[in-house]
């Protein structure tokens, strides 16, 4: 038995995502984004009180939802709002270079931060269909920065093969990272600067300023550089000063539990991951 | 595109559905679990419409149902899933992976701006994004272009003018004036960009009352009006009802079990086997169910319960 | 003395403009348009009850103004409305080819129906500044059809020169007619079909289908073909069946007086023109 | 373009006016005789701002006053007059004909769509009209282009992003949430397209009250808020007041008599010679005048009287 206040991986993960949000910035999370949904509202209530908070596609400005729901387009998400806008106004902000942050994920995420949310195969002959990127293709290009998150970093070893989420090269690029086969962000005259943080259940990465390859910055108390290397299909850059992430406070964790009584923050995790507990 | 001045546009689901032709580009309103025109989709499935080209942004139940009901030929949505709630969309995935539907996936701001181009009478608009994404592989029609004002690369995307929009709304009058509660999602855009617009409405207001509250969209954009209370079920139509999570769970069980089970346990039960929308409402639980789904407004706890039952 | 019900030139003119409006059509009048303002509302109350009536830039749909005001952007013009739209939606309808009619005028109007509402001189060196075309440049191109009106057809003979409104060629084309120095409407890929009616205080014209030159169709009871020729700087086509226009009914004139108690319909006329009276 | 998150944006006319720099592109709100930001223009005239590039659609009193006050370098409006009421705009005409201001006249849908381009982050948009009109002589920046989708000729017009918008509104809170009564004219577009937005407001609401009624524009678009009751006088700001036709008649007499008379009889009297906006309101007739201008709502006859007095 360990003494102290117990923190779940889901709660620590939420805090890691929330830490990528700056105060006085404009922030939007998209569909199918339970963790960003919790993290953004959490940030608004803690260190980013002057954030312009767009609570999902229901597109309320600074809502105060009574709880966080299972679907992003529910009246729950427009309660206590300051104003309504139509969702297109959020995309306009982005193309104008005024949306500071959003959050994207993918069934595949490559070393440059490109993500596949579309399919395996080709548009004409699709082997596996994913749900689609929603606003990701546009916003990943336009947002000033964005956070990549995945709770499926850990490789799935099947009988005959290993399925990685963090891959050398995506089969299909839905949301763009730093470098694509079509060129770099600068070559492409894109508005935004691309992903600056990648939060996984195994670590937290930024991007190497030179090579634009994902660079390990923080580990969980129960992960190591080896954990990362084993579960990543490409060779990430390892920051010379990799360290264990700071733990949140008890008050922060209690706030997360209070705003998220339905535990939508746990929905993305495999049951075995949720057994990971930390103590503060 | 289309101006409709008839004084009384009230009609039936059956008649209104005939406005939608095989192969039409159809904008389906609402999004995810909110205010989707499910009663109209039921009718289109019953009438055996085929090869529809469905456009929209982030959707879920509606597109999955339409795929499962066999009326879809092309999907030009940006996302189809049941989100964190039930995850991937079984009928949609099967239709994509079997080649039964053509995938013309797009992105929200792209679709929005293509609709705006149609609304504004512009043949195209430039986008700064898309470049670098493989989404251009779904869209050979996009044109690369150097902006003559800045010298930067942009993508020209053509106007997208749906043949018909089908939208479920809160209130309408018989002339076609429409009141929608926010969030509008893309519904206002759809109504303005489409050649024809069919609305189903929870409530019919007297015209004087509609004038008083101020329509969201004026009558001349609207082709036909159908009075269908609970017409968005099992998606939500606030303030009248939250989404019916238990029903969607039942749907997911049927859809996940394959096309035959889905046909027998869902389509036959709730679409082909019902006599009317009122009959459908009876089958899904009748007044008691609708009262339950309206209970969200009673308290935070009641509202939360609606997210856990089913 | 003439027996009968007296009709002013202003009232007859309003009826002439109103007659260019079809039922079940979409109609918008712009700024500084007192006669179209009265004519459009009059048409909505009489033969065009199912017109979609945009009452000026205040952009109410089907308003029922308690009276007609001196300025088009006043709350008077949004009273009794069915709906509000923003004014840009009216321009959108036009560019989509769905605005059936509007009304334009000019300090100069040429034989092809081009109008100058901008200036005499050049943009760099402007001798006389007119108010500007407001929405006319766009709408004259986009509207399905439009009505030209002027209450200043009559030539002004000064000591040393004659000032015509109906000129051979405009000094500057603000609103476009059928043929411009840049080409015809077809050459220019324009949406609309151009002006189909020209209402002046001396007659009513359409356009010759072949030459696209203004063609005299109707005279007032007190004007003749000679009146037209004397006051027009170009040679209009004369329709083989030129006739005196039909007189309105007493009820129609009474309705005009009722909806326009401030007599905005008279504001565009020279005082001497207003002495012209007709009897029915 | 610009995001403003300060919790309290309340400031004075004097401070807010400093946001506007010499040479700025300034979007002036309202239009014709409705809700023009006259108090802010007074302050800009008092502060001697120069060479402003004014953009808008169909305007009247505001542009004429700004020209007469000497703050304008370029006019990019679509129409400037006093309409059927007082006709041509004397100061504006003089400024155009003397070469004191550069004429960059435009057309309503062109301006609207250039503002939309700025709002949407697009570098340009295509227009089907303009071709054939000499308005292109005011705008060498327009580009002719063949639409690659239809092969038809279009005109590409660049995004128009004003440096500052100055808008008079009905209600605001100190955070910058704004409520405007219709018609909006181009004000909502201006607020979204401009880099900075200064609003003057009839009324300051508590933030909770603003939340309840729902802002037309959310706070983050707004740079500064100034509380200026009757700030649109002598143009209207319904429901508070109709336009002050007698005052405009007085203005027209002064303006029509030439620049010297205009300076002595109008600018000195109502702008340079006043200590504050409250002082201005006293000079134009004080509370009695404001009560008179509010009398429109009492009856049709009272309203009509306001169109005939002066």
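Labels for the chains are A, B, C and D, by order of writing; each one numbers its residues from 1.
Note that in this section contacts are C-beta pairs under 8 Å (C-beta built on N, C-alpha and C of every residue); 3 or more make two chains touch, one makes a residue touch a chain.
Because the structure is a prediction, the values reported are computed rather than measured.
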Chain separated most widely from chain B, comparing mean CA positions: C
Distance from the mean Cα position of chain B to that of chain A, given in whole angstrom: 28
Chain centre separation in whole Å, for chain C relative to chain A (CA means): 60
Whole-Å gap separating chain B and chain D, where each centre is the average of the chain's CA atoms: 40
Numbers and ranges of chain D residues touching at least 2 other chains: 116, 120-122, 127-128, 152, 154
Residue list for chain C, restricted to those that touch at least two other chains: 84, 94-95, 142, 191
Touch-based graph of the chains, sorted into line, ring, star, complete or other: other
Pairs of chains in contact (touch as defined earlier), listed by label: A-B, A-D, B-C, B-D, C-D
Contact set on chain B toward chain A in their complex: 31-34, 57-58, 60, 77-85, 88-89, 92-93, 96-97, 99, 103, 105, 107-110, 112, 116, 127-135, 137-138, 152-154, 182-186, 188-189, 236, 238-239, 242-243, 245, 296, 300, 303-304, 307-308
Touching residues (chain side chain D, partner chain B) in the complex: 113, 116, 120-128, 141, 143, 145, 147-150, 152, 154, 156, 158-159
Sites on chain D touched by chain A in the complex: 1-3, 5, 7, 118-122, 175, 177, 192, 207, 210-211, 214-215, 217-220
Touch list for chain A against partner chain D, complex: 24, 26, 50-52, 61, 81-85, 89, 92-98, 142, 191
Chain B contact footprint on chain A (complex, rising order): 30-34, 57-60, 66-67, 69-76, 78, 84, 86-88, 91, 94-95, 118-119, 122-123, 125-142, 172-176, 180, 182-183, 185, 188-191, 261-262, 264, 267-268
